[in-house]
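Note that subunit A is present in both complexes that follow, paired respectively with subunit B and with subunit C.
Then we have the complex of A and B:
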């Protein structure tokens, strides 16, 4: 006789979470050199504007003075500003495309239908996936930040590193929510690579990666305030560089991230579920 | 709740629609009727075959039953659960429907099975032993700890089959499970399918376009074509329905006019030009004339005479044993090896 149908318990849901986490980690570990590239990419991204600033101003200290004067960020070291910005940007974009790329990769591999055929709850799979990305984000952020600081002779421990890491982990939650929206987009239009590539640089501009958003026109600044990536980046810069908590205090800033952390995943998941339902009524979720 | 009818399908239809842009404001809507009012049921412990050519609607049907697709209309129940009870249905099924796809290539076969076991909520205490026995059953010992990217197509196929057994579900849905397997491995897989049914009382839906597989395994067969079940019965009964007539296979050069003249010959009921795969290991296919007639013993001289007087050169004539392929040919006029055009109805309009 066949086995009785397995009951879904909290333990078995945790089994799915842990299984997904381990599978992702094992897969990642079998692509040699990816971690190194993850760490190197934001440093290379930061190096270009840093060196351009140096070339335009004559020296890094002169570029820093110009940066302070033109942006109004008193005491801000522009090299540290850009290194932090590039690392947060890299982490945010990885997290933002996480679900979209996950859907795409699973579609092409043929495992998306296998996942959807299993009784595992999507949330359990997503939590496992998110845990993996959180771990990868912390490692690459720390690695990229320390390597960048070492390369450009910056003291990496000048600010509150642990607070910055806590903000990173917490601030990525709304980004995962937005990631559902892009997942829904991939499910709908299948091939969304060019759109995602363009969107990546728009995200960078509104996050204030290489410059504070105060240099943007006011309408663009408003758009930035509505994007959780900006708050994540600014809060980490504030924690590590001692920038002003311009919205009341630190808790005010974290409160805004908290609101995003609640609303973005809810809205994102709702839209994704609707798109998934439509796909099932149309041609199915596995088509690519 | 488990019922004696493990699968019930009533008037199930699935239409796919797509838009083709003809200009800025004009588009053409194509409607593909993949399933048209399909009705059948499968009893507990039965192997039910879905036999039909590529594009007939088999995979669409299986995708609906596994809740990957929602039907346009109609009702389906799996293990007593309606399609909106998708978690219960998914827990009741072990499925294999994307051929060799559906495995993580950077993981080993064993790791894949471990992960899918977790996804199906199989307790860790049971999972390890079950995976071990599946690996032994399918003789995957030598490759189980290698990453899937190093597997051949056949090995991947076997691992996907093992994946469908990892939750030891009461229902198995297998869509062309022997594709890419060599003859020996395909035979072995069919033996395991039979054992799953006989030893564990599993209900199995077995989709194939290979008639001998359906004949060997299935207690009942539904022949599906253009999204409709065109025949449904015990394979023996389906064949016996044809056995009052004889089927002759004529090889040689058969001009069009000989075939036309043959249709007017007394005793000849139908003729079709079909193609058969050669058994010499090549991909060569050879056409032959399939003749359904009454009492071939009596009518054969007349048939030969009609063919030769109309320019046919006959190399060989065989009287064939009736197969499910003949049943399909008799109903549709086509071979099971033919692809069915997906677009059944094209509706045009502009919006």
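Then we have the complex of A and C:
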């Protein structure tokens, strides 16, 4: 009934990974404006609360004082806090969008079924896609962060920059796991646009993008602690801005990210492949 | 030849116009109600966005400015929602017809272009208005009372502003048919551009002088300024109240006319070159 699963060698797996990566990259390179928007979006997103704070308080320093007083983050520069938050938020949502939209796009183009019925293993396709998302996310983060810092006169090289970069690379792994979950949801409910649009803001609310989550009610804080996006964002803010490593120490924080990096992709992949198999057996995955 | 005949045979008369308008509106509503999940999620999305930005405003504002800050942000956000709908939905809905292969047959039939566009607007305006109502209730429950003054005048300004937004969207829909896939990036950019330059989410006083010059050249800035200052009960920031009202009224008349003219021209050009169905 299904295409026979050939015994694939490591080389052929890598061939699928590389093929998927190159196809995505080529498509991306055809739309040059997209990269520009990827970099610009987090800066414009950050500009809104920064300008609002400045207008309401009279100046950036007055807004900083209010921020310190209302959040308890002594000495934290609110502009830097928001720029980092907006960039991590943008990187996380880009990852979620790209994967969810990959599924939907292939479905509407009529190529998803053919892709998943081919003898190429899903993992190889997902790894290829993840590589592409990783590259695009890092470029977006670096571009957006540097541009934002330049625009709002913040030193981009303050704090532990290399540590922050390592956290970004490593901390995106659990996000990819979540994006597999999202892929399963898109397969199931199909209305990808509204689903992704809503989810990205829910993610933003729990990540502490424009304010630390400690200003939220305790139930919200608990949800945040269970969400890897929060730890990714907070750890990068802590590395660059010198915020407190409140969970034991820096290694405690990295340990939590590590646990998420193991569990999220596993759970995400299991649920995705189960949903996909069910859909294949029922109405097929090509329907949209 | 065929094109000229189709143009000559275009259905005229009020009854015919209403009949096609009604049929198209019904079709738009049928499509809208088929996606119940999207419908529900749109309300959730608005509430989450309002929540995130309101908490951000409250964290940054001095205690005596909190209500004013939340008011500025919320009323600007109402206009932003309608503007965003105008920018994305009309062009996208036509692009969708293009993908599905029904656009060419639609525009080769002797229907009115205006009713095609207005029917798409109506369903979106009703949807967005429901979103606004839910957002208002949510904000009032979660963050307390919003500053509300001059409601009737505010509604008149909102309607005028909608004419400005949707007039702009007619022209933009024409561009979407012309530039196809590249329009997504441009729309995305323009959405953020207007969001910053027209000071949606924050007062104009936050903008640097050089950006303010650009703001003053864009009619939407006056819509935003007039609408929120009317509802909060403060004087507008850019010009005097009367002058801003005059500007908004003027563009509420001119923009739809210009927009529909541009749209008609784009469709005729696409028909002549045979690219109407190409996507």
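Here is the rule we go by: the second predicted complex is superposed on the first by the 280 of 288 C-alpha atoms of A that agree within 3 Å, B and C clash if a C-alpha of one lies under 4 Å from a C-alpha of the other, contacts with A are read in each partner's own complex, and residues count from 1 in each chain.
Everything below uses one rule, namely that a contact is a pair of C-beta atoms (placed from the backbone, for glycine too) under 8 Å apart; a residue touches a chain by one contact, two chains touch by 3 or more.
As the structure is a computational prediction, the values presented were derived from the model and not from experiment.
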### Message
In the superposed model built on subunit A, check whether subunit B and subunit C fit or clash.
### Response
fit
### Task
Please work out whether A:16 is in contact with subunit B alone, subunit C alone, both, or neither, and reply first, second, both or neither.
first
### Touched partner set for A:53, first subunit B, second subunit C, both or neither
second
### Task
Check the residue A:31 against both partner chains and state whether it touches subunit B (first), subunit C (second), both, or neither.
both
### Touched partner set for A:110, first subunit B, second subunit C, both or neither
first
### Task
Can you pull out the angle centred on subunit A between the C-alpha centres of subunit B and subunit C, to the nearest 10°?
80
### Task
Examine A:71 and indicate which partner it touches, taking first as subunit B and second as subunit C; both and neither are also allowed.
second
### Message
One more residue to check, A:156. First (subunit B), second (subunit C), both or neither?
### Response
neither
### Message
Output check: A:195 vs subunit B and subunit C. Expected answer is one of first, second, both, neither. What do you get?
### Response
second
### Message
Can you work out, in whole Å, how close the C-alpha atoms of subunit B and subunit C get once everything is superposed?
### Response
9
### Task
Check subunit A for residues that touch subunit B in one structure and subunit C in the other, and list them.
31
### Complex interface listing, subunit C residues touching subunit A
35, 37-38, 41-42, 44-45, 48-49, 51-53, 55-62, 65, 68-69, 72-73, 181-182, 185-186, 188-189, 192, 195-196, 201-203, 205-207
### Summary
Per the touch rule, the subunit A residues reaching subunit B in their complex are 1-3, 5-9, 12-13, 15-16, 18-20, 22-23, 26-27, 30-31, 109-111, 113-121, 125, 277, 280-286
### Of all residues in subunit B, those that touch subunit A in their complex
16-18, 63, 66-70, 72, 87-88, 90-93, 95, 97-98, 101-107, 111, 114-116, 118-124, 126, 147, 163, 167-170, 200-202
### In the complex with subunit C, residue positions of subunit A that touch it
31, 33-34, 36-37, 40-41, 44, 47-49, 51-57, 62-63, 66-67, 70-71, 78, 82, 189, 191, 193-195, 197-198, 201-202, 204-205, 209-211, 215-216
